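In what follows, a structure is listed as structure tokens, so that the remarks can point back to it.
Chain nomenclature is as follows: A, B, C and D, assigned in order of appearance, with residue numbering initiated at 1 for each chain independently.
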């Protein structure tokens, strides 16, 4: 490239592009599609600023990766494999390429994995694939293997995916910026200054422990304040129920007045890369809007709820009262509420998000866990952070979650005559006068 | 309301709701629809952060209005009509209710006016109308008359619509925040401190002149850096040409493989309130995505350009060389480019945005101009700001605009054999080898 | 006051003054003197931005108190005694009036207490006293009793002094702003929204628990990163040793070439209010500069160190190796270093700062501890925060402190022949060649 | 240097030191002395946050220079003389070394020039000089010649001193940060991106014109809001009158109870480098505090005014009414006010600050003006910015200044019987009852 180019970015000020390949990858239809996928799914229904897309997040992950590598190069650390720079940048930029509309919700209902789709797109017949092959016919496979976490040099995988990778750093800062939740910010420059490539892993200089604590506490705050927000959860429940119902109808041969082809393929498990790339949130939202006029009442009502933000209410149970939540659920179901569509028990503990796990599993390559954060002591020894920090163990595991019972308020109103006084009180309902 | 409620907002930190009516209005389907209309149309194609919606802007306008009134009340200014508070808040909240998808572009192509639609929705059979009537059967009409700028008390109109109203203040701050263009910020608290209700108008305390200059310079910067950005203009041109082509096809009886009903009604001029409320950017984008597969090649190519961000290139002509731009346009058309779809001359001067006009017209109720900014001197006299400021006259009128000739790069390539060397050079094309 | 006045403040944007008394108090010589006392003592030698004064901090404490009360009034909480507003504001503004130059260091050497001096100034023959008496002859005593924490209404004392009072909130934000340590910020608006007056105390609405955690973690970060910074501690040690030496010389009848009268009185324990008010950091620094030319070599060298920032080096010992630190100290002293002036063991645990104590003592009025943070549950019950939070217990007590042995590097160099190899290594010294 | 070191800086986040020489220069007594000189003189009496020192500003100028050069190197611009890097960094760091206490005020009273003193210190017998000579015996002379603006390569002088040099960029951002005047900020990264070394000068890429306008408007705002603030000017007048009086007394052989030696030498014009380095603001302030008890009543009162911030009041006259200001001055003097000490006419136009001058003089090396800002057009031509910008000409020259007549309010009260009614009204005085 003749001259470095920039994107204006509200989080990082500028995003610097120095390789023609990166510039061209951003310009592909596959990457442009990420503009039509929101970064935080339905969170904008609670934090109205959270309308930012996977596109801007992906640029941010690229930029943080670029800065880390640039510092590794400037400091001439011997453990850093300089020849892997472009691979790291491409993997960072493209790791979210496979995200579909409202991914996390859809992934829970349908069985699929966005990282796998990222690899399909990278290795399939796409513009992205064509560009990557200009580097080397094997380059797409390499990029995919970094994303799949089995690339031959673990330090490259470690840079792109760990408990403190560019992905997480960008999304915390970005989500904090767009929601306005300033408790989610931390000092990125300070973190970048203490990262070190060390014997095939990225570690943190010992004196940077407090900087890492600060980062982890931001994560903790964002999880409880934003990602697990009870009203966001409610919107995700509605969304999942819409998908469940539509899929059910689809399987039972119901004739939709209108259903877009890629969604049909999704329900039938027949998605190929070309169709997958047509799935975006505009399409899903347009389908939902159309479905508010479907004959199936359940589907049309759920879609109306989603579109006009009429979400399910909820009652909260402390963790130790799980059985009570269960009993309440059963009472409502017995009284006539539909346990599949009008009720749901939610416990954020089970989610893909987790604050930080230092347990043995985290170190296992095969487990779900991402590699833990390691401190490099002045002695040269490497210590997992929760052994040295007072603060980190307190947020590992997050055992203070609560159970929440979500319910369709109107349906509950209709059956209130059949409910016990205590349940009525919990639901904020008056005992029915005509009982 | 029992207890004040808040929305977390990245621009104003919090948006405070103290009236049940405001809370309920925000919850209506008509207002929720604004979540599906971007504040800055296609600007997100240039500034990727600019994905924010009319929903968050409308809350911001409400909040600034609330703060202004709250300060007027606290300071007990005698010229402020306290009884108009709720009316002002409702008008501020609802003034953008009629915005359609990519409004400014659509308004240029189709003939309609978003403010008029705001009034239709307020006065039509809608949930918003039902809620407003709970205050007083005449209340919807009052709100609409404030938006139409003919409410009986000019100070109310002046608060909601002037050269320095809550609308402009919010959008400058918000657009600067989301694009990351920090040159667009100004000190809102400082402005709010110097506003005064005075004899039926909102004026500025004389000592606040520099604060106003700062605000106007932010506007100036935002206009040149963001709103008139040449690449944004290009995306708007593509958008307009899609609409033009689709409408043309529609009129000529072309059979679309798929065209959503509200868009059809839009083209036919048959929109009613109910259909209008179904128009959102998800729908338009989904239509464009579908149209990439339409048989009409012109339409499908334009839609592909929009979706995958393959915009028209442009050449720039200084203002004094308008005729050259025209000649160049004609040469390209003569050589075979389609003057309706493959070419366009753009001069930002003609846009709905204008930095600041102090001219007589600005004072005229009937003109396009909004009331000018008036300084209240210690003597009690009122002076239009450009009479006292050195800086303001320099940005009034903005005569340094440039002409830009936008063109379809591929089409230009095809006809390059027929072009003069100078034109080829301007387009960055090599003279054709096979000539 | 006819019209509200403001100070521009970088932390709170504006500080609003609405009472003539507050305005006049700020204008007294006693309050203006706070401009000549730095907020963070010698910290500017490590964080060069930390040059801010007690003056700006005191305005900040006033402003936060004003905002808290203003919200209590707006929300019409019945447990808030409205008639105490002016008393609270005055106590908040004046609580630091008695701070002397480099207070914390001087307090450790000399025996005196800045809060007691605040009360002396408020109750003595001063301009502040004269103004306060215009409210009521008993008003100065009331203000002093709030500062002494024995005012008859505990809620007033609680507002001005607790684990989460306006004093701490302002200094955390202000110190973070001026040092640039952005990990010390927290969301003040969010905290203010969840404070409640409740049965004679200020408590926190239960749903605000995470906001309080965020505030406490900022405190934790600031303590370790700024307040306990090892180099700041070194400058404080030098400062204390200067004071010790000068006092010692003074007592032994040494004839100073120049010693300012208020400092002489300080050393002799003869300070009265008038002399105390002449003590400021300009005076102390000027004395130190003059003393660099004193005949007493120890004093002149220490002053040169302070002035030109040539601080003592240090070695770190983990908490469990306290005895090693002691042994090392003894070895150096035995080898000839002056244990009173050239060496010092420091353990930040013993400092006036503490992160947060929930222990029983904290609840005792007589103890050192300030009242703990209480959460108001929806049930009306009140719970100390560390019972509900996972995070707070982890930072209560801070048992991970380290011992640091500070030493005069040059003196250590001179005696290195007598030191053991291990000690030499610790000090980063080569074994002496000529041994 | 083995490893890059940093200072935490609130304006630039971090200041990066990569050369041992820079690190050592910062550690010299001469550079550490800048901690005791405020950046903005008496401005802290109006903007209480403005307590920052020349020390932090000098680090900031160094850092901006480092970033500019680092970008020049990264972009490999051929017109940049790489071998001059260290010289530029040293000159940037040290250019303010000669600032004395309250420099601008003192410079107006005494005849001396801080840049000249910077050169004396660099070339004299100092620690700074010793360190610079380790590079090359001629290096101190080179550094001084850059500061004196006669170094052989004009581009080096241009980088360190021009209308848009690192000095100005840092002080605008820093002063805005510490005062809290956020209208003084501009986008530094954006400016840095458009600077280019070009034929012996630093120019601005044409497309960066709006960025420069934004920077110049920040300057304009800071001048009117902060640097020319009428109350700051009042404090400077008091300060100058103290110096004038003390010098007058000194010359007349008055016996001061206490006068520090460096100040005596200053008054006598006998300052050498060693004494000059002892002059700091702590010393001056301590002298003023002592002088509040001097026998000379004029001196003691002026010192009391300064110390306790009892400043002179003022009346404002529009520029076209200069003669009225003069008449008013004469009337007050004729009525008995001391024209030398109790009165002063001030017109900010005459100050060392100026917004921006494009005039021919600005291009002359010998004139006061600094080199103007040049735009590099795509054609390769270079244009002075005010020829292309609409905004810049409007702030060049700033002809809207006002005359202010400052006066001792108490003195005016004493002679009010002799004043005309109109003058009384201007001064806000009642006509004297006992006339």
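The working rule: a contact is a pair of C-beta atoms (placed from the backbone, for glycine too) under 8 Å apart; a residue touches a chain by one contact, two chains touch by 3 or more.
Only a predicted model underlies this, so the values are computations on that prediction, with no experimental measurement involved.
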item: Far-end chain from chain A, centres as C-alpha averages; value: D
item: Intercentroid distance (Cα basis), chain D paired with chain A, Å; value: 52
item: Chain A and chain B: spacing of chain centres that average the CA atoms, whole Å; value: 33
item: Centre distance in Å when chain B and chain D are each reduced to the mean of their C-alpha atoms; value: 43
item: For chain C, residues that touch 2 or more chains besides their own; value: 13
item: Graph class of chain-chain contacts, one of line, ring, star, complete, other; value: complete
item: Complex interface listing, chain B residues touching chain C; value: 3-4, 6, 13-14, 75, 189, 193
item: Of all residues in chain A, those that touch chain C in their complex; value: 182-183, 185-187, 190, 210-211, 213-214, 217, 220-221, 224-225, 390-391, 393-395, 398-400
item: Residues on chain C engaged by chain D in the complex (per definition of touch); value: 7-11, 13, 27-29, 32, 35-36, 44-45, 47-49, 51-53, 55-56, 59, 177-181, 260, 278, 280-283, 285-286, 289, 307-309
